[in-house]
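Labels for the chains are A, B and C, by order of writing; each one numbers its residues from 1.
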Amino acid sequence: MQKEIIISGFGGQGVLFAGQVIAYAAMDSGKQVTWIPSYGPEMRGGTANCTVVIADQEIGSPLVKNPPLVIALNLPSYDKYEPMMQVGGTLVVNQSMVDRGAKRADINTVFVSANEIAEQIGDKKLTNMVAVGALLAALPEVTIETLEEALKAHLPARHQHLLPKNYEALRRGFESAKEQLAVIV
Amino acid sequence: MLKENLVYDRPEGFTDTPTHYCPGCTHGVAHRLVAEVLEEMGVIDKTIGVAPVGCSVFAYNYFDTDFVEAPHGRAPAMATGIKRVMPDRIVFTYQGDGDLASIGMGEIVHAAARGENITVIFINNANFGMTGGQMAPTTLPGMKTSSSVNGRDVEIQGYPIKVSEMLSTLDGVGYCVRRSLHDPKNIRLAKKAIRMAFETQARGLGFSLVELLSTCPTNWGMTPVNSLKFVEEHMMPFYPLGDYKISDAIKQIKI
Amino acid sequence: MPKELWKGNEAIAEAAVRAGLEAYFGYPITPQTEVLEYLSRRMPELGRAFVQAESELGAINMVYGAACTGVRVMSSSSSPGVSLMMEGISYIAGTEVPAVLVNVMRGGPGLGNIAPAQADYNQAVHGGGHGDYQAIVLAPASVQEAIDLTVLSFDLAEKYRSICMVILDGCVGQMMEPAEMPEMKPVHRENWDWNTDAKMGKRERRILSSIYLDPVEEEKMNLRLLNRWRTIEANEVRYKEYFLDDAEIVIIGFGTAGRVALSAVREARAQGIKVGLLRPITVSPFPHKVIDQLAGRVDAFLVTEMNSGQMLEDVRLAVKGRVPVEFYGRMGGVVPFPDEILNEIHRMAKVKLSADVHPRDAWLERMAHV
């Protein structure tokens, strides 16, 4: 088993942390995992992305050209990664930030209004967790429970009070994606 | 019975190795003053010296202390490395003006700014001695050297750097003075300053530096006596002797 | 110890602390700055020395000074900064004091960029500083290896009174992976017979210097270093093998290039191609012997690096023209994807390879599309 995930969006959307939470959950499930950011001289703004690879054996390349799993939190990321995706892969798109439908029929595109859901829960910063929840619907190797445990174990103490809202964000994203994937499949 | 009364001997801070310096050069005097001070303070055993690149590159042969030999200009960085892991030792650098004020300007300024608890003996003889008397950052305006054969033209070759004045502006500096080695009285004053510099370090009161106006008879093309006069008549007016910085805590020190 | 998710740079910093690092001197440069930042907090917390130097020149000479006292000392930097440190590296080698230097390599030459590269192989392995000396150079490919090799680097540096470099590319430095830290080793000052930590009433004075004014004495010193290097070559070569038993084509790559190649090798194996991977862990001393042995039984080699073929020349020296050695590299901070290496494997499995053309020239022609 090996799964590669790219998470991409604007700086400040929590792209890197979203990847780390998945990496923690994979590690806690006894999997091999790598997390690698794309980094640039600019510290803020611009697009940020990270790649997470989860496997049962020693991981080779930490980077992937044609990912099977992508979270695109904004339009530039959607435009960039949609054509690069592996056939049959799942692309989670933050519908709140894009104004177009899918161009490819050979992948599963899941639209989640991550901003709106996050705002409904009461914290716009939860956009990334909504999207991560959505991705888990296509990543059975990491269960929503292990991800919740990972959040609990690795969220800094000062953010621990936000755990219930994070859990809600994950589950709302997950449910939204599951419904759509059920229709597609 | 004739009674021997010893009035002059090599200080204990010295080894038995005779120095290689040119006749009339004041490096030997400066070395002796440092050795005497280390002996008087009883710190020979816990001292680590850092030699420079320049005429005093072999300083490590003359002091009876542990010694390391730094790359050109980097002695204050090496001394920083030593002192930071061995804060109870006495660590000093001995540097010429090419080493300290030219290639090593970055290292000396930042060691001073950090307030490293090290002592720097800075020999200013207005030229690069070892390589044959080239212009140094300290070469006087109009002074002839082998690389400023018509005399230093400040319009072209820039102005000399007054190291003590410059470093004394830094907050990390506890003790920074300029002395001269051109006559016995000034040599005695230089020794007191060297003592104060090491006392500054021993008490952890910050960076200490003694700039010593020195001679280079060989490269200046002068007799030893004339070169002493040159220091007095030409260097001292440009590089005034004085206490550029003595922090209040150091002023309280009574020896 | 349980596994934690560690970022390569921070893992190196913590591993050094646990190996008994007493002093760190560094200067900020991307992509290694996390080492400096991490230690700026960690070292004072443990009462150990940390100085952010005025420059890499300052940093390496602080390392040099502290190394002379015999304590465990380290600096870290990235390519342009390491170039500045080469003066100090040569002096450290010439004075025969142990020190550890980490280079998180980035694209170059010059200012280049901050993307992952392996273009400082020659600088690290074949000199860099002036004079006849050799450095032990370790090349981790994962965060766990970065930890283990950092710890090892202190042992090797002390054992051989040598500079020991850990070279990794920005990938390994920036990557997070689950890894296990070693137990905290207490700071321990060895009773060396060479260090200048002051007489302290116990012994005669010592001098540490890289000066040997008499050429005959310098030559003796050069010979001493070389003989020591022979011992290092005999005892310290490390590498990792993958699928070599029945391999007909062997890929050789270190660091990230090596692990990218592993993905390609697995894919090729799944397609029935008998290909294996040799990943040097010490690039200096270089695993000449194992390559020499492989050259006697395999059909061809493919060297893959994130540079223009620097290790390639060392492989060719070991292979001695017996079988074709091909090359595939990416440069300037570009990290190859596994499919690029897989394409090379396919090409090598199909066409008849020639040993007449220099592999770099042949590769350059294939790179014309870039």
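Following the convention adopted for this analysis, a residue touches a chain if its C-beta (ideal position, glycine included) is under 8 Å from a C-beta of that chain, and two chains touch if they have at least 3 such contacts.
Since this is a predicted model, take the numbers as computed values, not measurements.
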Chains linked by the largest number of contacting C-beta pairs: B-C
Could you tell me which chain's Cα centre is nearest to the average position of every protein Cα atom shown? C
Go ahead and note the Å separation of the Cα centroids belonging to chain A and chain C. 34
CA centroids of chain A and chain B: separation to the nearest Å works out as 64
Intercentroid distance (Cα basis), chain C paired with chain B, Å: 41
For the chain B and chain C complex, residues of the former touching the latter: 15, 44-48, 50-51, 57, 60-61, 64-71, 74, 77-82, 84-86, 89-90, 106-107, 109-110, 114
Tell me, which parts of chain C touch chain B in their complex? 22-23, 25, 49, 51, 53-55, 57-59, 61-69, 71, 73, 87-88, 91, 95, 196-201, 205-211
Please output the residues of chain C touching chain A within their complex, sorted ascending. 3, 5, 30-31, 114, 170-171, 174-178, 256, 259-266, 335, 337-339
Per the touch rule above, chain A residues touching chain C in the complex are 20, 23-24, 27, 32-37, 39-41, 58-65, 154
